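One chain, subunit A, appears in both complexes that follow, with subunit B as partner in the first and subunit C in the second.
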Partner chain A sequence: MLLEVRDLHVEFRARDGVARAVNGVSYGVAAGETLAVLGESGSGKSVTAQAVMGILDTPPGRITGGEILFQGRDLLKLTREERRRIRGAEMAMIFQDALSSLNPVLTVGDQLGEMFVVHRGMSKRDARVKAVELMDRVRIPAAKERIRQYPHQFSGGMRQRIMIAMALALEPALVIADEPTTALDVTVQAQIMELLAELRRETGMALVLITHDLGVVADVADRIAVMYAGRIVESAPVHDLYRAPAHPYTQGLLDSIPRLDHKGRELHAIRGLPPNLLTVPSGCAFHPRCPRARDECRTDVPPLHTVDARRGSACHLWRECLHG
Partner chain B sequence: MGRHVVRRLFQMVPVFVGATLLIFLMVNVMGDPVAGLCGERQCDAATTARLREEFGLDQPVWRQYLTYLGNVLTGDFGTAFDGRPVTELMATAFPVTVRLTVVAILFEVVVGITLGVVTGLRRGRPVDTGVLVLTLVVVSVPTFVTGLLLQLLLGVEWGWIRPSVSSEAGFGELIVPGLVLASVSLAYVTRLTRTSLAENRSSDHVRTALAKGLPRRRIVTRHLLRNSLIPVVTFIGTDIGALMGGAIVTERIFNIHGVGYQLYQGILRQNTQTVVGFVTVLVLVFLAANLLVDLLYAVLDPRIRHV
Partner chain C sequence: MAEPILEVRGLVKHYPLTRGVRFGRRAGAVRAVDGVDLTLGRGETLGVVGESGCGKSTLARLLVHLERPTAGAIHYKGEDITRLSGRALRAVRRNIQMVFQDPYTSLNPRMTVGDIIGEPYEIHPEAAPKGERRGRVQELLEVVGLSPEHINRYPHQFSGGQRQRIGIARGLALRPEVVVADEPVSALDVSVQAQVVNLLARLQREFELSYVFIAHDLSVVRHISDRVAVMYLGRIVETGTDTGIYDRPAHPYTQALLSAVPVPDPEGREKRERIILTGDVPSPADVPSGCRFRTRCRMAQERCALEMPELAAPTGGGPTGSVAVHEVACHFA
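Showing the complex of A and B:
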């Protein structure tokens, strides 16, 4: 495994209590693999990613337990400086809103070139040449001229390409993309996803794709981890999960995708709201919204049951779920 | 960029005309320019009439204003009633006030920004709280209190400085008056820098810089400071004009013969030409300072430049 998160716990201290954002998340990503982490906002998917990157705001955030193994080393045991050297070079991150995530007062050339200047000790001139190459690689037209421009002079799609170029600059082994297409038009979304998939194939990097959009995931991901209230509730190869979900929450998500052959029928929605992280329900956190909930769901926290060698489900009733 | 400058220059014209017209009307129409000319006594009717004719005060007001504006544009600010040309007064007064303002601006830039950066990066720590309380005190106490207090303590009690500034008014003598003049703005600059820094610190692009694995020093100087200082620079720029015109109190306390002193004397003795002349030049200084800010803004923030 390239990256292995083991039993990670993250909490945020707020004025009115402690929000447990991540409650024992474990997942692994092999080299070259694409893992999609799926979940509603507040499910802990971004917080987990920030903990992996080491860019969590601490305080108020605090990692209270677990291990993050990357290339065999526990990142949580490294010094600040050691982690900084890994960030950007060995693992990189792509953010949701490229306009606010890029520095508005520096040219894109400066921001791309900075990676080579800081991590590789290149001269500014050489870094600029590299930056043009990167922009060509993510297919930004007229890269040589546009390198002197500022982020606001690019379109949304082009800006996200710059973000991607920046993440890929030093050919990291792992790229985490946090909702990379959410802020974009639908047509541009497809282009960006295609570009990501293509670059992943070319470079052999592993990709963690964080999203709340099941539609985005199907074509790109190898595996899916579904998160709910700071836990992984189901983890499976993408086709297995689509064919037969082993958790009622995954079932609900799949049912709420609009389908052409269901035209005219009412669209399914999961009833209720995502839980408040200050007061996570007892037992299985999903039980207040679950159509299959029984007494044991209210009292016992379900462990991640082994469904088969490659999938797991944190549901007491995974067997019934799997067989409809 | 060039068009931006030209547009700004054109926008200055109505402001200049409006401001000078206003001050001209206030002094010439609402007050009586001749009233103060005969000392303590009232002028007799014949003298008044002679003086009014001599100074063109029998002409209609709009004509007086146009004549005045024409004279100003050719560098003639008129004669003070003591016979000296107003430009001569300006030549002695403005260098002094400019020096005083330079000292004050230096305090704002060096001390204000430094304190703002230190507190902005250490929010909630004792340094931060201490400086915040101090700035609150400085903002709350009027300049004349701060000024008189410092004069009393440093000048009279401890004898570190001379309580009143000599007529040369060199930079060394202007350090304490400059600090007094800057004090309120200094506190604002500190707070503005602190807030702006703290705001930008949690911004997305700083998080990106962190994710890129940049060293902390580089993140602060390249990605945090530059963006955070844009509003601070704007404030300091506009403050240049305010400091020059607002130095009256400080100049009175430390007996500095600068613009504020001349204006005060002019108003006291109803020297119309002096007052109008000095205010006109101050309006020009304001406009120039604002233009400077606009240009600086465009240099610092490319989003303005490319509109």
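Showing the complex of A and C:
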């Protein structure tokens, strides 16, 4: 495993209590693999990624337990300086909002080149040559001229390409993309996903794709981890999960997609609302919304049951769920 | 098609661009809506799809008269509302209401839910006598699936999905006949979107509403719409029944748009063919000559730069008759 997150816990201290944003998350990513982390807002999918990258705001956030093993080393035991050297060079992140992630007062050439100056000790001139190469690589037309432009002079899709270029600059083994296409139009989203897939094939990097979009996941993921209220509720290879979900939440999400044969009828909605992290329900956090909930679901937190060698489900009733 | 309740003809909205310090020096215009024809039948849902900058939100604001058009007409039950003002306009506006996209910014944080939903009665006092308003608001809360006891709460005490229900209740307060919904579910979590889509469908049956449903999510639009119009750079490039548009798209833009939507099923994903458009949507301040899509179109030829294609029935497709069901604005469709 390239990356292994083990029993990670993250808390946020808020005025009216402690929000347990991540509550014992474990997942692994093999070299070259694409793992999709699927979840709604507040599920803890982005906080987990920030903890892995070492960019969690502390305070108010605090990692209260667990290990993050990257190439065999526990990142949580490293010094700030050691982590800084890994970030960017060995693992990199792509954010949803490129405009606020790029520096508005530096040209894109300076920002791309900075990676090589800081991490590789290159001269400014050499770094500039590298920056043009990178822009070509993410297929930004007229790279030589546009390298002198500022982020606001690029369209949303082009800015996202610049972010991708920056993430790939030092050829990291792992890239984490947090909702990389959510802010984009559907035709531009298709361009960016296509670009990511091509670059992944070329470089052999592993990709953790954080998203709420079941369509995007079905398109690119090898495996999926579904998160709910700070926990992974189901993890499975992509084909298995779409064919037969083993958790009622996953099932609910798949059923709520508008489908052709359902035209004009009610959509299968999941009832209720995602939980408030300050007052997560007892037992299984999904039980107030779950059509299958029983007494034990209200009292006992379900462990991640082994469904088969490659699948897990945190549902007491996973067998019933899996077999309809 | 049902009897038309709203007919839009040649609708145009240009926002002038000025240059320099001297006030009023025209330097072109943003052509947000640039000649749109639409018909909404009574009790029908018309879906309008398109990407950001295509003019779909400006169209929504024109339909509810939040903006005055530069040119064109909007006929409501045969009367051109763009020419109305004062009392006559107010009477028409009661019947055409709007639901906004963002349930976080479209509700005043200092007003209680009761005041927000009841505010339309302040502007249209004839709709409900003062003594009855509180009762009406409580009824509306119940209709949209919220507890009538929450009438004194503030917006921040509700989740995004609940806030959108408040916005919908406000839109229904005056018992309108037409509701224009601009991206009503796109700010919501996936598990909550389906609830709100179901609510809108139920309200349509209960109150015999006609919807203009504007969205960029093509699968939601297909689910809820009877007919669909596809917009690109201020114009409608294709319109038809939901099956016509989704199963037999005739415009190269519609084809690309549909093929770009990720399918939520990994089966056979390696073989799926996708039309990837190159480049970005041009600026509405500088639209290409002729067909606006030609700069990104794989079929574009010389003619496309010279002649603007008009909406017409696609060759070999659709029934011929008095009312064209499927229309497309492309020289080669």
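Quick notes on this one:
One rule holds in what follows: the second predicted complex is superposed on the first by the 323 of 324 C-alpha atoms of A that agree within 3 Å, B and C clash if a C-alpha of one lies under 4 Å from a C-alpha of the other, contacts with A are read in each partner's own complex, and residues count from 1 in each chain.
Quick note on the criterion: a residue touches a chain if its C-beta (ideal position, glycine included) is under 8 Å from a C-beta of that chain, and two chains touch if they have at least 3 such contacts.
In this text, all values refer to a predicted model and were calculated from it rather than measured experimentally.
The superposition on subunit A brings subunit B alongside subunit C with room for both. Applying the stated contact rule after C-alpha superposition, one finds that A:124 touches neither subunit B nor subunit C.
By the touch criterion stated above, A:319 is placed in contact with neither subunit B nor subunit C.
Counted by residues of subunit A touched, the larger count belongs to C, out of subunit B and subunit C. With both structures placed on the common chain, the touch criterion links A:144 to neither subunit B nor subunit C. In the superposed pair of complexes, A:213 makes contact with subunit C only, with no contact to subunit B. Of the two partner chains placed by the overlay, only subunit B lies in contact with A:55; subunit C stays clear of it.
When the shared chain is aligned, subunit C comes close enough to touch A:189, but subunit B does not.
When the shared chain is aligned, no partner comes close enough to touch A:298: not subunit B, not subunit C. By the touch criterion stated above, A:89 is placed in contact with subunit B alone, subunit C being left untouched.
The superposed three-chain arrangement places the nearest Cα atoms of subunit B and subunit C 6 Å from each other.
Shared contact residues on subunit A (touching subunit B in one structure, subunit C in the other): none found.
Those residues of subunit C that touch subunit A in the shared complex are 51-52, 159, 161-162, 189-195, 197-198, 201, 216, 218-220, 222-223, 242, 256-257, 259-267, 269, 274, 276-278, 280-281. Subunit B contributes residues 202-205, 207-215, 218, 222-223, 226-227, 230, 300-303, 306 to its touches with subunit A in the complex. By the touch rule above, subunit A contacts subunit C in their complex via residues 40-41, 155-158, 185-191, 193-194, 212-219, 221, 238-239, 242-243, 252-254, 256-258, 260, 262-263, 266-271, 273-274, 289. For subunit A in complex with subunit B, the residues that touch the partner chain are 53, 55, 57, 84-89, 92-93, 95, 97, 100-106, 114-115, 118-119, 150, 152-153, 163, 166.
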